[in-house]
Amino acid sequence: MIHQEYIYELPMKVRDYECDFQGIVNNSVYQNYLEHTRHEFIMTRNVNIMELHNRGIDVVVARIDIAYKSPLHGGDEFLSKLYISKEGLRYVFFQDIYRKADNALCIKARVDCVALVNGKLKNCDELDKTFF
Amino acid sequence: MIHQEYIYELPMKVRDYECDFQGIVNNSVYQNYLEHTRHEFIMTRNVNIMELHNRGIDVVVARIDIAYKSPLHGGDEFLSKLYISKEGLRYVFFQDIYRKADNALCIKARVDCVALVNGKLKNCDELDKTFF
Amino acid sequence: MIHQEYIYELPMKVRDYECDFQGIVNNSVYQNYLEHTRHEFIMTRNVNIMELHNRGIDVVVARIDIAYKSPLHGGDEFLSKLYISKEGLRYVFFQDIYRKADNALCIKARVDCVALVNGKLKNCDELDKTFF
Amino acid sequence: MIHQEYIYELPMKVRDYECDFQGIVNNSVYQNYLEHTRHEFIMTRNVNIMELHNRGIDVVVARIDIAYKSPLHGGDEFLSKLYISKEGLRYVFFQDIYRKADNALCIKARVDCVALVNGKLKNCDELDKTFF
């Protein structure tokens, strides 16, 4: 299998309030990181998710699969990277997060999104042009 | 395949601050619901996750897979249900959320957890007795 | 000064993910509790905050003042209580949270809200009738 | 009264998941911004809040007073600024947030913190040296 290359990466830093009683980033917070990364990526294509929403186009997560490899701690800097492929109606975001200090893989995620146009599952040319 | 029965269910209700700009519960919040359900379930077995942590035993999520079926809205009441199986060192929580009003399946999740005893991946008799 | 009586109380329970690395509920989370309590209170008056929003009426927090008295821990049950007064255009919610186990006062808050009708600060008869 | 000058400012950006159903940053999220700003400020003094905690020193919020002036929206860039004074045992953080696009004041906050040393309210020389 040929390894596909990341097309976008976002540098981020853990905020202490994102850590739970175990002193590490709470599992659910990684979904916040992943969503923010997708939205920032989409902004680089001059598309604004909230503005799309106001026009009746929603990019909705249909499935998410996250493998937790190594936890992030308060103050850790990290890189959130992604690449995309299309499978049928699904935009599949492959999103990985690496700790900056040692380049350790923290999570490996696959996020399947679909477009809802006025609430209906549809192919969306505008998104196709945005992502590819 | 024989359908396994839920062994625990927790009634919950969406809080408006959990909804995002799309007016529906943000995807990451379901992980909060799932975690809270696991912890409440474990409490019914007289085990406290935070007390375990203080004794060096952490139940850690290794992988999570969530299929989003139907969104919850502000104020919706729902039932968060689970059953467990063990696969090797993994405690696998099958966790589904149903909207109360129409019994619609909202998410279908599989959460693989492992025990870390003093930071080391180990089989943990205490957890075996707790869960089964 | 005559002590005003609470007109509403909501029983709640700390969820472990709401605790931060200090093992206590993070300060910001109490605002979530307070907001949820206000919205639940308003629901008892058959008014839905999200439905009001869709009709152009927003109840917006203008100021919040919280005194933190005693921290809540994971799993703690508590009562979130409130009473209201009106000062000019402001609906002032006095909101206090008590730990259930020992009736200790956890936070004492004053939340000043105003009505925005189609984005304009206004007196709102509908809210007056709802709250008083 | 002589206006005191800010001694620290942190550039930040709204993440879409921080916005609620009204399409603006939820009130509670500003407390996250304020906490993160304090911790980042303290880091510039080579002190780490989580490391202090492990040595038995906790900086705890005793009171918070936030005036909400102008809401932040998804994607907005902003500057989170602060200065400090000491009043008795209290470290008082004056923290204001300005939208970057138009320099509008978004919130004006006063956060009273105290030091707990091994759980006891105390003056803490180490923090005095850190903050002043």
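Which chain is which? They are A, B, C and D, in the order written, and residues in each are numbered from 1.
Methods note: a contact is a pair of C-beta atoms (placed from the backbone, for glycine too) under 8 Å apart; a residue touches a chain by one contact, two chains touch by 3 or more.
None of these values were measured; they are calculated from a predicted model.
Two chain pairs are in question, A-D and B-D; the one with more C-beta pairs in contact is A-D.
Among the other chains, the CA centroid farthest from that of chain B is the one of D.
Averaged C-alpha coordinates put the centre of chain A at 28 Å from the centre of chain D. Centres computed as Cα averages put chain A at a distance of 22 Å from chain B. Chain centres here are Cα averages; for chain B and chain D they lie 33 Å apart. Shown for chain B are the residues that touch two or more other chains, namely 16-17, 19, 21, 23, 26, 28, 32, 35, 50, 74.
Listed in rising order, the residues of chain D touching chain A in the complex are 15-17, 19, 23, 32, 35-36, 39, 43, 48-50, 73-75. Those residues of chain D lying in contact with chain C across their complex are 21-22, 26-29, 31-32, 35, 50, 53, 58, 60-68.
On chain D, the positions that touch chain B within their shared complex are 16-17, 19-21, 23, 26, 28, 74.
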